[in-house]
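Structures given as structure tokens follow.
Below are two complexes that have subunit A in common, paired first with subunit B and then with subunit C.
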Partner chain A sequence: MKSNHSSVIEFLFPFLTVAALWELTVRLHLVGMEMLPPPSLLISKLWTLTVRGVLLHHLGSSLYRLTIGYVLAVGLGIAVGALLASRRTLREMFAPVLSMLISVPTIAWVPVLLITMGLGDRTVVTAIFLGGFFAITYNTMRGIEMVNPGQLNAARIMGVGGWRLFVEVLLPASLVSIITGLRLGIGYSWRALVGGEMLSALVEWGIGKMVYQARFWNDVLVMLIGLLIIGFSGFLLDRVLLKWLEQETVEKWGMLAKR
Partner chain B sequence: MSKAIIEIQDVHKIFDQGAAQVEALGGVSLDIREEEFTVLIGPSGCGKSTLLYLMAGFEQPTAGRILLDGVEIAGPGPDRGFVFQDYALFPWKTVLGNVMFGLVHNGWSKQEAREVAREYINLVHLSGFENAYPHTLSGGMKQRVGIARALAYNPKVLLMDEPFGALDAQTRKHMQRELVDIWDKTHKTVVFVTHSVIEAVFLADRIVVMTARPGTVKGIVNVDLSRPRDYTGEDYLTVRKQVLDLLEEEVEKEIRLQEKAI
Partner chain C sequence: MEVFWRKRRSNNRTGSRWWLPLLPVVVFLAGWQLLSGVNLINPALFPPPTSIAGELVDLYSSGLPTRSLLLTHVMATLRRLIVAAAVGILSGTLVGALMGISRRLYRFLDPLITVLMPVPGIAMAPLFIVWLGFGDPTIIALGSIAAFFPLAYNTAAGVRSIDLQLVRAARMMGADKGTLLLDVYLPWAAGYVLVGIKLGLARCWRTIIAVEFIAAASWGLGYMIWDAAEYLRADVVYGGIFLLIAIYFVIEKGLINTLEKHTVERWGMVRRQ
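Right after this comes the complex of A and B.
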């Protein structure tokens, strides 16, 4: 077991290295300061935006939309995935459709949604939902299909079937695959959110909107801060939230293949 | 002689494997008697595990029928317990959770289930491991959990599908002795599938020798020796030879069958 102290350093080291190289590049006048503002300026601007509450308002709006869209994607994705896994004819019919839809980048849906869903929040939330839904559906279906038949038989001979079999056995037994779907899904949802906010004219607040609006003021600094926040939030959602879920479940239960 | 609890009546089983059809069982009739330890043995591919799966209700016979207490078996149910070769434990549940599973789903309260589960965990000598997850246990310990889980909710019959097949030789012998101990305490009706003659003669009241595919009953050997049995005792070796003689012909047949297939 590594000490917390050294793992924090290990974690920060690559970020600090990149920041230092970046700062150096600008300070040595290899790149113009208007084109690529150095990290030092970024940090002071980040401070102002935070203190004024602007950043929090943007981030809060985005996380609110993400929560609605992603929670819908998780609920419906697992339900539809389970349904497809349990009905062979349905699965054979719809599996190709699903594969096709997965390969459509979610941002490509947005122009369609702008027409059908309007220019506001509904479009963004639907894009977030679509981003997560297909990945979660597909991985849930695959996970349930691959459950060890012995575990199923064990439950059945102990008199467990139907809904209880699903909740007590199928779901936990396929959790490795479902969590893979959740992790892929939150990445796709997050990207869809940023793109959706940029393209939806009536959306005023949101981290994607912040970057897009900065274009009108030629404010590269705000754009870069937006990008960093987008990257860092996506990273936190996956590595902190879902990685934690994975550690507390399938990893603790020894269901992940040892590397 | 005790009464028949399972009656297997002219059971056939044919598997569709794409275009080809494989006849696994070709008319098996057999009674499993109450409180007896019955071992099914035969060459690989003779359908002994298939027969066990039919008794469990995981599969349905193509023809013929199987009665449990006079009622035809329509599917799996908690009047039977099953022990799997690959354990088939629930990795997301602790040892206690695994053993409680059949109890909480069959009318025991949480409190009662916990107490009964602890008794059976004690019976298989796993006390102290109640809160361990299966992946932290050795193969022998996993199968003890498998046995406790199958016995805890008090099924009428315990079905065991080569339960010690994945264990090393030392652990296997040890588990055989423990199973005899457990059986002495519970006198459960057991149907046990194996391809080891040594194991069969050590455990069984009755050994059912099956023919090569399609499987039928070749002969039945009654083992009238007191337990625990001595692997090197003269009477043990006599019974062993009896079983081996019945089996040998069938093993050769099966090998010729496989050679033809190649």
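Right after this comes the complex of A and C.
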């Protein structure tokens, strides 16, 4: 097992190399400054944006929307998934529709939402919700379906039923699959957030909006900063939040091989 | 005993209840048609399914003797998809294979890929518009990038996961480098590459539609939908979205499943479900 310290360096090394090469290319005038501003300018601009609080405002409104949409998707997704898993008729009815709806690109909902729900926050939050909902519902349903019937019967014989059966038996037993759904879901929701912010005209703040607005001044610097932040935040949401959840639950319980 | 009984019951049920999945769709469409017809929901925002279908037919037949409006939009998008997917898949597989062979390269590219992969294509669109302008170059470039990542990632995983016993056995039986690559590495990694192609194609399609929303100059399914949304032509929007779902469904079922059947299934790497 490597120490934390050296793995951080190993992770950052490629970025530093790319940044150095990039800086060199621009300084040697191989590409125009306005087409590709060098990392040094990027960092100073990042600093100004942070100090002025602009960046925080953008990032804050994005995370706020993401939280509302995603929490709704998790709550309803798990509930509906569990319902579908427990009723055979419902499952036969809705499973094909559901697997079809998952394959619809989330961005495709946005024009429909813009027409029906207006050009503001509601559209973005609904897109985030839809992005996460189907993946979470589907994986919850599959997970609960695949719970070992022996385990279920054992719990029933010992008099566990109803809500307790769900919370204490079904949920832990299907958590591996549910977490897969949560991870897929946060990815879809994140994309829906960025796309939704860019396309909704009345949204003023948000990290996607920042990138989109930079277009009107051809401000490549702000676009690059936005992209970097979008990439790192997406990465952090998955690695830190959901990886942590996985480690604290299923890996600890020994349901998943440690990697 | 119990399992046996269960199986029989489930067979019985699926046999007689094949229409169940159609029920929610039919109820949904009928309800929509009815509510929209009697103005309980605003028909300007939710035009009844029949008028959406009618609009699609109109779009198809407008300009027909020479070239159909709808078909031109669809073909523009499909052309971009083919070029972008080809570039993305080939370059992704190549880079992935190199990453699989060289540990050094893997360690260098892996962090870059993990950070760049979650950036949605549409977010890169403003940047690429500055670099390449509106239209095909931007759309195709972003489509290729979208397809590239899953391919590189999955191919690398596939090559890295190869059973070294197999490689040694093949070497011992006198396989040279070319044979090793074609007869051992390729079939082993093919399953992974196919998963990559599936994911990559989906990402590519999604990105092309999304980028067409903001970067297309005049044609494309995404452009058609976006243009209609700006003028509040709800029927065109719904029709276009229905079409893009249907087209992708055909691509996935037709193309990818055929590809699977002729490669990994024939080589016995996966079994048909």
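One rule holds for everything that comes next: the second predicted complex is superposed on the first by the 255 of 259 C-alpha atoms of A that agree within 3 Å, B and C clash if a C-alpha of one lies under 4 Å from a C-alpha of the other, contacts with A are read in each partner's own complex, and residues count from 1 in each chain.
Just so we're on the same page, a residue touches a chain if its C-beta (ideal position, glycine included) is under 8 Å from a C-beta of that chain, and two chains touch if they have at least 3 such contacts.
Predicted, not measured: the structure shown is a model, and the values here were computed from it.
*Asks:* Is A:220 touching anything from subunit B or subunit C once the two structures are fitted on A? First, second, both or neither.
*Replies:* Touch partner of A:220: subunit C, not subunit B.
*Asks:* Can A:11 be said to touch subunit B (first), subunit C (second), both, or neither?
*Replies:* second
*Asks:* Does subunit B (first) or subunit C (second) touch A:245, or do both, or does neither?
*Replies:* A:245 contacts neither subunit B nor subunit C.
*Asks:* Does the superposition put A:208 against subunit B (first), subunit C (second), both, or neither?
*Replies:* second
*Asks:* Check the contacts made with subunit A and report whether subunit B or subunit C touches more of its residues.
*Replies:* If we count touched residues of subunit A for both partners, the winner is C.
*Asks:* Could you look at A:102 and tell me whether it touches subunit B, subunit C, both or neither (first, second, both, neither)?
*Replies:* After superposing on A, A:102 lies clear of both subunit B and subunit C.
*Asks:* Show which residues of subunit B lie in contact with subunit A when the two form their complex.
*Replies:* Its residues touching subunit A are 56-58, 75-78, 80-82, 84, 86-92, 101-102, 105-106, 133-136, 149, 153.
*Asks:* If we count contacts the way the header does, which residues on subunit A are in touch with subunit C in the complex?
*Replies:* 10-15, 17-18, 35, 88-89, 92-97, 100, 103-105, 107-108, 110-112, 114-116, 187, 190-191, 194-195, 198-199, 208, 211-212, 214-215, 218, 220, 223-224, 226-227, 230-232, 234-235, 238
*Asks:* Can you list the residues on subunit A that touch subunit B in the complex?
*Replies:* My answer: residues 148, 150-151, 153-160, 164, 168-169, 172-173, 175, 249-250, 252-255.
*Asks:* List the residues on subunit C that touch subunit A in their complex, please.
*Replies:* Interface residues on subunit C, with respect to subunit A: 13-14, 17, 20-21, 23-25, 45-46, 107-109, 111-112, 114-116, 118-120, 122-124, 126-127, 129-131, 202, 205-206, 209-210, 213-214, 225-226, 228-229, 232, 234, 237-238, 241, 244-245, 248-249, 252.
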